[in-house]
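Below are structures written as structure tokens.
Note that chain A is present in both complexes that follow, paired respectively with chain B and with chain C.
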Partner chain A sequence: MIGPSRVAELDVPAAGVETGAARPAQSYWNESWERLRANRVGMAAGLLIVVFALIALLAPLFSLVVTHVQPQTINLDDTFFRPGLRHLLGTDELGRDTLTRLIWGARVSLGVAFLTVAMSLSVGTTVGMVAGYYGGWIDDVLMRFVDMVLAIPAIFLFILMSILFRPNAITLAAIVASVGWGSVARLVRGEVLSVKQRDFILATRSIGAGDARLMVRHLLPNVLPVLIVAASLGVGQIILIEAALDFLGLGIQPPTPSWGNMLTNAQSYFFRSGFLVAFPGITIFITVLASNIFGNAVRDAFDPRLKS
Partner chain B sequence: MLAKYIARRFLASVIVVLGVTVITLLLMNSTRGSYVPGIDLNPALRPEDIARLRANLGLDRPFYEWYMSWIWAVLHGDFGRSMIDGSPVMSHILDRLPNTLELTGTAIVIGVLISVPLGVIGALRRGSKTDHVLTVVSVAGFAVPQFWMGLMLILIFSVTLQQHGLPWLPSSGAFSAYAGGDILDRILHLILPATVLSFFYLSVWSRFIRSSMLEVLSQDYIRTARAKGMSERRVVYLHGLRNALIPLITLIGLELPGLVSGGLVVEVVFGWPGIGKLAFERALQYDYSTVMGVTFFATLLVIAGNLLADLLYGVLDPRIRYS
Partner chain C sequence: MTQPLLEVRDLHTVFSTKEGTVKAVDGVSFDLTPGETLGIVGESGCGKSVTALSVMRLQRPGKIVSGKVMFKGQDLTKLSEYEMREIRGREIAMIFQDPMTSLNPVFQVGWQVGEPTRLHHGWGAKKALASAVNMLSRVGIPSAESRANDYPHQFSGGMRQRAMIAMGLTTTPQVLIADEPTTALDVTIQAQILDLLRHVNREFGTATILITHNLGVVAGMCERIIVMYAGKVVESGPTKDVFAHPTHPYTWSLLRSIPRLDAEKHEPLKPIEGVPPNLADLPTGCAFHPRCVFRVDRCTRDVPALLRVGESQLAACWVTQAGGELTGA
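Moving on to the complex of A and B:
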């Protein structure tokens, strides 16, 4: 999900970036934000994700006002409708409106994705920080465990856990996060190892700051840029994983619509309607594409040295 | 130095493999109640019968006992028997392995053959229209769900072509039973799934080769080679490409586990009788001896792939020292 940690001392602006002497000194955060704002394509992609998230939040309203049907409303007189005025994106084998189902499916896909990112980041950051900060046997034990988690082919782990937990949105997020936190932990540990060597940590310790204070107040802010980059690059991949699990029947179960499980059935009706296959996939594709483009923009803005 | 490095890596690997088997078994073990769903509700079975059936499958033994005998057998090369059909797990794996290798091997070869030239073109014409198009294709390749791409290909090349009475491509299986699986038949079945898999590799690797090539071409020795009056072609291919390809070895090494698990979704979509599909189906049936066997096998591949990639890297780039 997340690349290797080659980032150190992020708060030093990269060489060659327009830090002319005439310009007033800017904080790292201000500069990064300016760089991100200057990236038109990246901002447009980010805006699209925000719009999708709003649509997902307002799904009940869309059902009432725009499409006039609920995602589970069955209408056997209207099966396999082609896209048109009556049903903008057509209907499926039970006459359910595809557009309505896609809008409600966005709640699942985006909700699970954001939840997964939040879970992997919090667990991964905690583990990585503790391992990197304390070092020694604590580091060894924690990192060997991370090695194990990352060595099991992820898809097997997902399958086993999905069978075990009969997933709803929250457990599904936990299942996907149970693998994702490993790479975050590695990333954070690497950062902490380099940051804790620096003088300001020694200085803070010498005036009597405890472990907890050092970690939360001084190490965490320095790790934050890496976390922001990891989070924004992770969303797209997680949407793909979640959709694949739904498709395999291991994720969100029908009749709750999700982008992935809408495709499970579509396979049986190839000869009746190709649209049933096309639309959910296109929706996933656009969302993941926008997330990836936005993620890359964030990475370029917050860490100019990683730019290829 | 190298021997010591390998020994240390090997020891760490053993610990990781043992840990992985414990984690997998703990997960499988928690589902043991569900094995043979509904067995407790079957009125034709007396409680003694149920107990006997469970004992036959070894389900009555505590977790650690099961694990110890399992790992002992594995160390002697015996992966046990499937809980569904009683045949040796190893024979299942060996049955499916050639199909999986056929599919992923083809995809990797196609991926390399196409991504290397694309990456080189992108690097040599950096900033040109061609480069931009290649970038867009690769970014799109990252965002396409593999299973959906598979479905779309089936929709276009199997369903729609068939509906119009045109020659169409088979969408399921590794060969047709009636054709007896001759070479042409197998190749026809391979086209669609291999396209989906190689498209993914292609979009990852072509980006990678492009940036690796750009980095190499900015090195001093490239300037030296040009200063000597060497032809541009020789500079690019003999000095540039050869060095730019080194990191690709690592990537392909890391793909080794993908040989087994990477194609799982594609195997399911195309009904390809491979290892991934085997693991998927057997996990749904709670056949945990088979799942343990496949997971163990796949984990070995992950670790072997990592180690192999690191070692090959050192062979190809003598500047790298192991410590």
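Moving on to the complex of A and C:
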């Protein structure tokens, strides 16, 4: 019935006044990316995080080439060294090189942070999406469960879990994510509730799309901006939580260095060498600050609700 | 008479609300023959859209409680959700009132127009896009090839509605349901879209159900019309007969409330007094009786059935069924 041969015969009234020359496609993503790029402070903060992440990834190389020591290398001749040429950021009570330990600690801190964000996003998105999309009793059951999770005093849960599972980077991420997914689920559910009211969802159903296709291919991309914002703001927060757990001895155990357990160690020698406290502290401070600044920049650029 | 393509019989769709059960569609029946254009008219909230959505089984959170929707020998109300998905978009397509929100803002238009063919024909991205571009140009989108890469916000309202129509047509469905397709558009664009729908109907042979509250649109587009009031069909028949001799006071009043070129000189426009009734709290008897200028005692007691009045029309009115004329007042 329809063939290209008939196109010529068709005298379809063209969209006369609306005729416009083709413009380059400006997608939501392009636009948001342009906005983010225009934010210099935000981009600098983002770059800093990327650099830290790269250094963390290349930690073994740094040990080999730059500092020439391993993080656990003890040198009792060089204890409490002040920052200088021999040890750029000094050494601790066992003569271990602080810079090397900070670099290896970044692997733990950033690794746990990214892993936690990935875990809470995937669980939270799934739960929030299903709750918001199906509504009714499914929504009630899932969201009351989320309320319960969010009502648990997190620090006690962390203590309990740390006792039950010997913490390493992966279990630690799972422990923190076991609470973190709740707020993501709430966020996603709220967004799904508003998006699913829009006409294009009904229109998509009307062409025969099923629930799974609607959720994954049509709803999820609309929720993505909120997820990106949640992820970038979450990183800084989780670095802090992780450092706190390590500091309390509930996280990564010595001798594996992490920013948090370096602080624990340092508190005994606070008056011998303030540098031992200062460097991990400053590192955490800078990383969290950069994450938050970058997160805010991402939110300004991506959050559809902030668009004018 | 040709075999109807779509037969709706005694369809009842209800919504549960705090005020009680609302019968949004209350015993609606009609036929759609292949290739025809059927108009469904009525004021807002009289059940036109819910009727259309019920045919597509998209009436959630409403529930179809009884009735049949026969399409190609099967009752759509009995199909499983999975079987129904095969009908939607492949056999029956629907376009909606507000083209501004009917397209997904995060996808390129061409991708969306191709979605039905990916869903139903299992076409790959390239083939689907090619057919989408072809269809976009056939519905009058200039330089469709590059426009297919645009996002919905780069399209004007009229172009979005064209894109929606293109999306509906990619699978060459037999029925196209257009739910107030021009209401959200300005007048010149309305005319273009109606032209396009007429075209589609002629060239593709697609039977069209046109839902509107605009009698002018119906007059120019539809061979037959159905007039709905408070969830019921109150009159149906060939458009020209209904316009010439309305046999239900509601239709009569509607026609008197709009300006017409063929009206007698100096005839004032008469708006219909009152508002449509609350569907959760319908008046007894004929739902239109409180606003009806021809009402007799019986109208407040008994609900009239939809019966033949005159040669070609059906009406649900005690007055005209008893041979009364609708004149004057």
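Criterion: the second predicted complex is superposed on the first by the 278 of 308 C-alpha atoms of A that agree within 3 Å, B and C clash if a C-alpha of one lies under 4 Å from a C-alpha of the other, contacts with A are read in each partner's own complex, and residues count from 1 in each chain.
We adopt the following convention: a contact is a pair of C-beta atoms (placed from the backbone, for glycine too) under 8 Å apart; a residue touches a chain by one contact, two chains touch by 3 or more.
On a predicted model such as this, the values are computed, not experimentally measured, just so you know.
Engineer: Touch test for A:202: chain B only (first), chain C only (second), both, or neither?
Structural biologist: second
Engineer: Of the partners chain B and chain C, which touch A:213 in the superposed model: first, second, both, neither?
Structural biologist: In the superposed model, A:213 contacts chain C only, not chain B.
Engineer: Quick check for you: in the superposed arrangement, does A:53 touch first (chain B), second (chain C), both or neither?
Structural biologist: neither
Engineer: Which of the two partners, first being chain B and second being chain C, lies in contact with A:293: first, second, both, or neither?
Structural biologist: A:293 sits against chain B, while chain C stays out of touch.
Engineer: Touching A:221 in the superposition: chain B (first), chain C (second), both, neither?
Structural biologist: A:221 sits against chain C, while chain B stays out of touch.
Engineer: Once the shared chain is lined up, is A:27 touching chain B (first), chain C (second), both, or neither of them?
Structural biologist: In the superposition, A:27 touches chain C alone.
Engineer: Can you name the residues of chain C that touch chain A in the complex?
Structural biologist: So the residues of chain C touching chain A come out as 56, 58, 81-82, 85-90, 93-98, 101-108, 115-116, 119-120, 134, 137-143, 146-147, 149-151, 154, 156, 158-159, 162, 164, 167-168, 172, 188-189, 192, 195-196, 199, 203-205.
Engineer: Can you name the residues of chain B that touch chain A in the complex?
Structural biologist: Listed in rising order, the residues of chain B that touch chain A are 12, 15-17, 19-20, 23-24, 27-28, 30-31, 34, 139-140, 142-149, 151-152, 154-155, 159-160, 163, 207, 211, 214, 257, 260-261, 264-265, 268, 276, 279-280, 283-284, 286, 291, 294-295, 298-299, 302-303.
Engineer: Mind pulling up the chain A residues that touch chain C in the complex?
Structural biologist: Touching chain C: residues 1-2, 4, 6-7, 10-23, 25-28, 198-200, 202-210, 213, 218, 221-222, 224 of chain A.
Engineer: Show which residues of chain A lie in contact with chain B when the two form their complex.
Structural biologist: Chain A residues touching chain B: 144-145, 147-149, 151-157, 159-161, 163-164, 236, 240, 243-244, 247-248, 263, 266-267, 270-271, 274, 277-278, 280-281, 284-285, 288-289, 292-293, 308.
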